[in-house]
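So, here's a batch of structures to check.
Consider the two complexes below, in which chain A is the common component and chain B and chain C are the respective partners.
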Partner chain A sequence: MAQVLSPLPGTFYTKPSPEAEVFKSEGAAVAVGDTIALVEVMKTFIEIKSEIAGTFTSYLIEDGTPVQAGQALAEVAG
Partner chain B sequence: MTIQRLFIANRGEIAVRIIKAAKCLGIRTIQAYSEADANMLAVQMADESVCIGAAQASESYLNIAGVVAAAIEASADAVHPGYGFLSESPEFARAVEDAGLKFVGPSADTIERMGDKVSARQAAQAAGVPVVPGSKGRIESVDEAVEVAAKIGYPVMVKAAAGGGGKGIRIADTEDELRSLAPQAQQEAAAAFGDGGLYVERAIKSPRHIEVQIVGDGNKAVHFYERECSIQRRRQKVWEEAGADCLDEETRENLCMAAVALAESVSYRGAGTLEYLYDETTKEFFFIEMNTRIQVEHPVTEMITGVDLVQEMIRVSGGAPLSLTQDQITKTGHAIEVRLNAEDPFLHFMPWPGKVEGLKIPVGDGIRFDHFMYEGYQIPPFYDSLIGKLIVHGTDRADAIAKMASALEGLEIKGIKTTIPLHKALAADACVASGDFHTQWLEPWLDAGNL
Partner chain C sequence: MTLKIKNPGLATSIQDLGRIGYFHLGIPIGGAMDRYALRAANMLVGNDEGAACLEAVFMGPEIEFTETATVAVTGAELPIKVDGEIQDSWSSFVVKAGQTLSFGFLQSGARIYIAVSGGITTPEALGSRSTYPIGALGGVEGRAIQAGDELPTGGTQGAGAGRTVADSLRRKPDTPARLRVLPGLYWHRLTDEAGAAFFEDEWKVAPEADRMGYRFKGGRPLEFVDREQPFGAGADPSNIVDGCYSYGSIQVPGGTEPIVLHRDAVSGGGYFTLGAIISADMDLIGQLQPHTPVKFEKVDMDQSLAARRDRKAMLERIRQDLS
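== the complex of A and B ==
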């Protein structure tokens, strides 16, 4: 099990837009470089990408909430 | 009734700026803040402060009902919206008015009218202010496009009447080009919006962005001369000047008086800015939009005119007439402002929120630094990256650039990445020195590796 960490502080989003589906749902395949989530920092959206391949387990933070740099955002089973 | 208790519905450097102006006027200040902003400088400086909600702006600074309720609860008699957030929201201005408080800015109706591109264009035309020449309405055929283009003059821009986002836009320099490009634009518009209707307007290549500062009291309006804000990245101003040395006296006078005419025609109250595109080759200027609020770059105008614009906008919003007549407003020298953002200019301007570990501010005659930092301040990641503005006033443009270069050498912000290196490079650039730039200049300059 690997955790995806936030490189920056900001606001965490599990979806590309409020109406869209989540980037990854439980059990989805994850490839290296897949976008897992967004972190909005100072009005800029940073794509959070997976550094490992595997199966998506879950998000660890609620959509639309503040996160700190280094905080675990999601889990991927390698 | 003059304003006695001012509620500040904003944050950052502009909140600090408003508090300073209010204190000079003997007005008590009540600072609104989000949960992420409890430590900000404006909260420490204000007479009172009130938490208005969670870190996300949508739950605090953008929450109309919440902000108005907090202002009422704090027994405020006026609300200053600053810039950004709710400053140009007619709904907010109306909610403030309906609550019996004064809004430091124009009426909700004026914000609504000038905020809509079509009605603002109509208001400008009615006041005799030039707008970008274009077709009266939608155009259905290529022949019709050619006919309109002959009237407004080439080059022309052809775009979809429906929608936006750059779809279907073509620029034609001649009638032959227009005849071949218009059908393509029509097809693209039909594919994108299900509507092949076109709109034709004059294309202004490499325009300058020139704007005029006005203040009105609801009856009369005065201008405070122009600013030149052509150095932009992604449509965000980076470096701003007052005045615009590219203008001759006659053009300057026409530009400024057109702004006053438009402001008076809509009974404008408060501070406002009319933005124009300026075509240096033909010396033509065209109104594009009006910002119905104080702007980030207002200090350069204050430097050359010696007038405190924020105090003046508070006074007129309290019901006072303008404190100055047009002939009392004079200008001396040249001023430049650079925007300092918490971004890494060497890494695609990546935002860089962090802790201010050290702060050294340049001091001297004609140097001003508007900001909201202190040593140990943690810059929150939830809002705009603007952390400060360095402003200099010189005897002329060359003197102001030299002063900016030396002031930048004396400025140190430790612990975070900032755009200081970009401004140092601009201050040393030959094109900047000669004034040879336009709104499309900075991005290619950056792409070419000038930094």
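== the complex of A and C ==
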């Protein structure tokens, strides 16, 4: 099990837009470089990409909540 | 000597002490958000205090050095690595030719200043190397740095490793951050209750805060004194007949979210400003992360000038320690 960490502080989103589906659902395949989530800061949305390949387990925090740098955002089973 | 940018970070830009003398033409001073940290970084490596550095926000860049240089990183706490080996912040260290400077996850603060001996020597625009992206001035072709950029430096060896700024002289915001405010020309537009509430409430830094303005959320909406709308002012009670803005001035569009104008400020407009953050506390704003709690504290002109003297005295102590 590996965690995807936020490289920066901001607001966390699990979807590319409010109406869209989440980037990854439980059981989805994850490849290195896949976008897992977004963090918004300074009017910029930063794509959070997976550094490992595996199977998506879950998001660890809720859509739309504040995050800090280094905080775990999601889990991927390698 | 050049700095090869392998990864730029989020919005890393070249900054010095700014472009003085063009605000009346709408071109802001720009320069380091935390000037104190930039001056300290330059002193540590043996540069002039106003030499151009890299300002990185929330995330550090990854930089390969083509020649050996003295380096210092001040401001936020963001673990510093040279070929993976951790270095102390607010201290000078040596990066050898071929080595790579990189960073870990942000621990506290918001912005780091990376000084390299000899300074960054990209061309000046209107007397400064500071990057002002909206006006496409300074920096690298007027923009933030990108992967593949090669930044020229003065190429000196610098002051060498092991110089450090004492803990007591590393200026950082408290929790909650305390920002001192001098009430201004339009203070009379607020009701007494609203004026008191502004200072009583705890505010939080909004995620959209950037070099132009730092926005705050979470306090009670401001209420305004009734008025007859002046000719040329908008209908909203937070509107005025257009006026000049100062650095640090606090506008509150619609009375809901205060915005402190910072180094890349607009020079004028049609919102009332309730006052200004004192000059001594502007650097602290540059170190605030989104969602950081903040209290505004009312001060008078004497207290503002005393705070400015205190900050100058701290800088002078760093100068003495490193001379």
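Here, the second predicted complex is superposed on the first by the 78 of 78 C-alpha atoms of A that agree within 3 Å, B and C clash if a C-alpha of one lies under 4 Å from a C-alpha of the other, contacts with A are read in each partner's own complex, and residues count from 1 in each chain.
Rule of thumb we're sticking to: a residue touches a chain if its C-beta (ideal position, glycine included) is under 8 Å from a C-beta of that chain, and two chains touch if they have at least 3 such contacts.
Remember, predicted model here, so these are calculated numbers, not experimental data.
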Partner chain in contact with A:9 - chain B first, chain C second, else both or neither: both
Residue contacts with chain A in the superposition, chain B compared against chain C: C
Partner chain(s) touched by A:70 [first = chain B, second = chain C, both, neither]: second
First, second, both or neither for A:42, with chain B first and chain C second: both
Touched partner set for A:55, first chain B, second chain C, both or neither: neither
Doubly contacted chain A residues - partners chain C and chain B: 8-11, 41-44, 66
Touch list for chain B against partner chain A, complex: 36, 55-56, 342-343, 350-351, 353, 380-385
Contact footprint of chain A on chain C as seen in their complex: 10-11, 57-59, 105-107, 207-210, 289-291
Chain A residues within the chain B interface of the complex: 8-11, 41-44, 64, 66
Chain C contact footprint on chain A (complex, rising order): 5, 7-11, 40-44, 46, 66, 68-70
